[in-house]
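Got a structure for you, questions after.
For reference, chains read A, B and C in written order, and residue numbers begin at 1 within each chain.
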Amino acid sequence: MSHSVISVPSAAPLRELLARRRPGFSLEAPFYHSPQVFEADLEYIFRRHWIYVGVSAEIPEPGDYLTVELGRDPILILRDDDMAVRAFHNVCRHRGSRLCAGRQGSVGNLVCPYHQWTYDLSGRLIFADHMADGFDPSHHSLKPVALKNLEGLLFICLAEQPPEDIDEMMGRMAPYLAPHHIDDCKVAAQVDIVEAGNWKLTMENNRECYHCTSNHPELTVSLYAYSYGFAPRAEQAAGLADYQRVVADSHARWEAGGLPSAEIDRLSETSGYRAMRMPLDRKGQSQTVDTGAACRKLLGELRDPASGGLSFWTQPNSWHHFMADHIVTFAALPLSAESTLVRTSWLVHKDAVEGVDYEVDNLTRVWRATNLQDRRLVEESQRGVNGSAYRPGPYSPYTEALVEKFTDWYVQRLGHGLERG
Amino acid sequence: MSHSVISVPSAAPLRELLARRRPGFSLEAPFYHSPQVFEADLEYIFRRHWIYVGVSAEIPEPGDYLTVELGRDPILILRDDDMAVRAFHNVCRHRGSRLCAGRQGSVGNLVCPYHQWTYDLSGRLIFADHMADGFDPSHHSLKPVALKNLEGLLFICLAEQPPEDIDEMMGRMAPYLAPHHIDDCKVAAQVDIVEAGNWKLTMENNRECYHCTSNHPELTVSLYAYSYGFAPRAEQAAGLADYQRVVADSHARWEAGGLPSAEIDRLSETSGYRAMRMPLDRKGQSQTVDTGAACRKLLGELRDPASGGLSFWTQPNSWHHFMADHIVTFAALPLSAESTLVRTSWLVHKDAVEGVDYEVDNLTRVWRATNLQDRRLVEESQRGVNGSAYRPGPYSPYTEALVEKFTDWYVQRLGHGLERG
Amino acid sequence: MSHSVISVPSAAPLRELLARRRPGFSLEAPFYHSPQVFEADLEYIFRRHWIYVGVSAEIPEPGDYLTVELGRDPILILRDDDMAVRAFHNVCRHRGSRLCAGRQGSVGNLVCPYHQWTYDLSGRLIFADHMADGFDPSHHSLKPVALKNLEGLLFICLAEQPPEDIDEMMGRMAPYLAPHHIDDCKVAAQVDIVEAGNWKLTMENNRECYHCTSNHPELTVSLYAYSYGFAPRAEQAAGLADYQRVVADSHARWEAGGLPSAEIDRLSETSGYRAMRMPLDRKGQSQTVDTGAACRKLLGELRDPASGGLSFWTQPNSWHHFMADHIVTFAALPLSAESTLVRTSWLVHKDAVEGVDYEVDNLTRVWRATNLQDRRLVEESQRGVNGSAYRPGPYSPYTEALVEKFTDWYVQRLGHGLERG
């Protein structure tokens, strides 16, 4: 059942918009501000694909839970008594109250605050007082939500038949992620910001570093500018060759040490993603203001603090950077046609001691600053594309190729959803 | 004329929704969040029925007025020079300015702030400067609104032909209410809260105490749990019988003393209502934290502080508790599809002296706390029913029978309005 | 391209509304609150007519710019290297970011904050890094917006074919405005307020002083009440004759001194306007609390501080008062169906020294107070016309004739736009 039984927008104008899509150019304005497109995005993108929502390290013990709102759907993610991570609709089967209101917590069973209907951690209704004879609790279990746990990264899918290619992604990505042992991490910090912009502007911003040089002084200290995909120029040929050598050497060293590093680009698959381990500049250890490790205790199997950064991007809503000393992971969650929640989590080894092994301020400084800089860019873009003069502009084939892979994927998946209804 | 001449939603999907209604179950989700259903609620429920808006004790003197917003309609209720209570649209007949902006006040005549068009307390235009020859003031009186004064409880109806069965309600209820002499009361306190939930969630919450035990520690001190309508259980048979004996004894005593007490249930009538005098637990005097009277000066003809509580519920938007020492009265007013104003007023005898006969804090403590508890429950319900997983759940036939009488009434009246257009 | 490709409201109900328009009466309610009418207002009124946005004195030097939002269109107005004032859509041709975010500033070139695409002050793209071979910067100039500079008052038009009669207005008005030398002024103060009302309520309020006597104690000190257009009454005949004599004498004196003064009323033209120099009461010098000049340094060619006030009103969104010592100028900019920005600017001679020649508080006191008084009136009107009881009321033929000229113009221009599509 669609959310709004009463008013379902016609798909025809949306199909036309999609058909007009001009390759190599940004999207037309309604994709960024139309409430109807936003409803379609929720229905065909966010309800039909695997959505990154958090890490298993947020719920280490049985009964630990976290909540997330996916569109208007309140979702509950918990660790059950057998240590498995499960997801449910956070909605009581009685009169629909949310079960768990907080962002996270810990429970024995799930007790609805309204009338104390009680569910165990497998979602089974185990108590409902005063009901009629013949009331069958087994017909009133919590509604489950599909969940995949990729080495500690949690993806959920609200569709009845979730895309199956997630398994291929998990198979290919596990060797890249496993050495960092996310399950042995703890969340050292988490920050939510709301960007007054469409979620696709947030994602497009994430998919290029064309804007980094002028906007991200803290972040660019650790990044090689050549990784941004500059247009080829004669005077930069030597510098580029140097960089490519650094990458090749690093990859050789890391692969030899058991860290898969080569680029995987599956961005156009249904469960699209891309990953690559990249060298960091200067000390080469971490995305910090001095590029040194932010945490003295290294993660999992990592022995060399200068192991670069494994970046992992997924369609439609996440990106992650795995370094030797910490992990920073991002989920973009649409709130309305023109607002988006960006949740950033910083993970360190669970045995690292704050104030001894790491300082939260130092750990988080680069991305706190970068997020705020990006928020301004996203918001200025929203203001501009809302104007009647905006027309799709040309992407740089060098620095914005991955932006185009995002918009291509989006257009293709939205069209697919509209076809299939 | 409907509010929005430009866009009137089709009634067809709403009729379908109503036809799908499953007896014994809560309503489908669009009833709780669809803006179109909300417009229908304003048109067919709030504009076509008698709506409780306040008490005559708020406007004791000629020229005293109070204002209320019913949907987008600003309404003015005043006491005229003959001490009658009248209601008008609070809209100047010139260029439409509101006449009275404040929540309440006192005037000689009604002077529009914009161009000083002036109306007397019967709504007659008595001054309008600079108008053309031939301008006829008698064609520009304030538009009256139907009003009924039930022993001091004020009900208005915006319909051109208000439901006539209000007179039966008034006839049957007067003997129950009259002994409390609302007209000899004053408003000791009034609190408005906004619940981020659909008005029907507010009303459903009001129509059961299934949720009370776990949520209302202050309120339940004075309530007999057996009055909540528990499912019959062998181990509670003795307790239930005791409670029924207390009710029977109390009713006999009160009726003998001139206080009608027996249940009246006319909830399914057009002007639906229910009333009953119920014993209170412990000291049995009042809905206070220690169940003792909050005000030393008793109301009207009441002589025994332990006269229990006369509760009176009306469709679609009010509930009231009349005790020997004070009255607490509630109006729920819809603000938007997902927000509702709840106005609570506490009345004591007009001669009672604050600080001597009563303390406002003690008088209001139970319901201030209870309202905030209910707000949370309503808001959690709104968040849950907004999710795509919500499906109507089963009501308890024991504890939620009156909730179903509310939703049944609503569905029946909305259907009736749609039929009649 | 209309803003919302996906949902364009049908024009039919709007045409019906227009056809029902009753001369001599205020507009029907949907004109004041319907979101569909608001979209039509943006499209057919604000995008098709000349809109007042500010004064050239705000941007005295090359590279100075100011920004304004016209509906959802971010607009950039700047002074180029040749001292000409130009307007552009404030939208980068790359991915649509706003170029300039602040309310005003000064630049050498226009550099987009996102990817540093750079435009010169004529709008030409002069730098865009990393683009594909064959990318032609000359196809990516900023989109210009038509602008007219009427002796320092800046009007823009978003239409592709702006109304041509603006040139007649400029020809007729130049002699009235020129003596004040706006280009030799500076902005001494500027205040934005948001009125929670439809922009037409703001304009109707501006077009009559029927409401002044009771609402504007500060403003009316300097105004002759006879100028409000009172209904003729025998007892006021002498007073009116006196006033008319004052006007005639003043006009004769001013015209002789080179100040055109006679009324021009072209309110029903496409680029409608009205102007008149009117005597001020008491000291007769300025709209101040004591009616004396607020600034010792007089403007331009003005020699006599008691030169009255030249008022200039334009359809659909501005009014201006030019006195010997200062100018106060107002732009009303629609924000939503029920909110409007009113920007007020006070100008004095650019060589006047704050604290010596003028005090900002004294200069601005009358209109700061008056604006807040009008905001309340507009907001009360909005609340009233939102009610179902509101019906168009009769205008006074004496005091509201100019209000009707505004609504007539509006109805006529909206109808014209709907006809032409």
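The rule we apply is simple: contacts are C-beta pairs under 8 Å (C-beta built on N, C-alpha and C of every residue); 3 or more make two chains touch, one makes a residue touch a chain.
Since we're looking at a predicted model, the values are computed, not measured.
Asks: For the two copies chain B and chain C, what rotation in degrees overlays their C-alpha atoms? Round to the nearest 5.
Replies: Going from chain B to chain C via C-alpha fit gives 120 degrees.
Asks: Note whether the interface between chain A and chain B is symmetric in residue numbering, meaning over half of all numbers used appear on both sides, and answer same or different.
Replies: different
Asks: What's the distance between the Cα centroids of chain A and chain B, rounded to whole Å?
Replies: About 47 Å separates the centre of chain A from that of chain B.
Asks: If a residue has to touch 2 or more other chains to count, which residues of chain B qualify?
Replies: Counting only residues that touch two or more other chains, chain B contributes none.
Asks: Which residues, counting only chain A, touch chain C once they are in their complex?
Replies: 9, 13-14, 17, 26, 28-30, 34, 36-37, 204, 210-211, 214-215, 229-231, 376-377, 380-381, 383-391, 393-394, 396-399
Asks: Applying the document's contact rule, which stretches of chain A touch chain B when the two form their complex?
Replies: That would be residues 1-7, 47, 72-74, 89-99, 101, 113-116, 129-132, 135, 140, 143, 158 of chain A.
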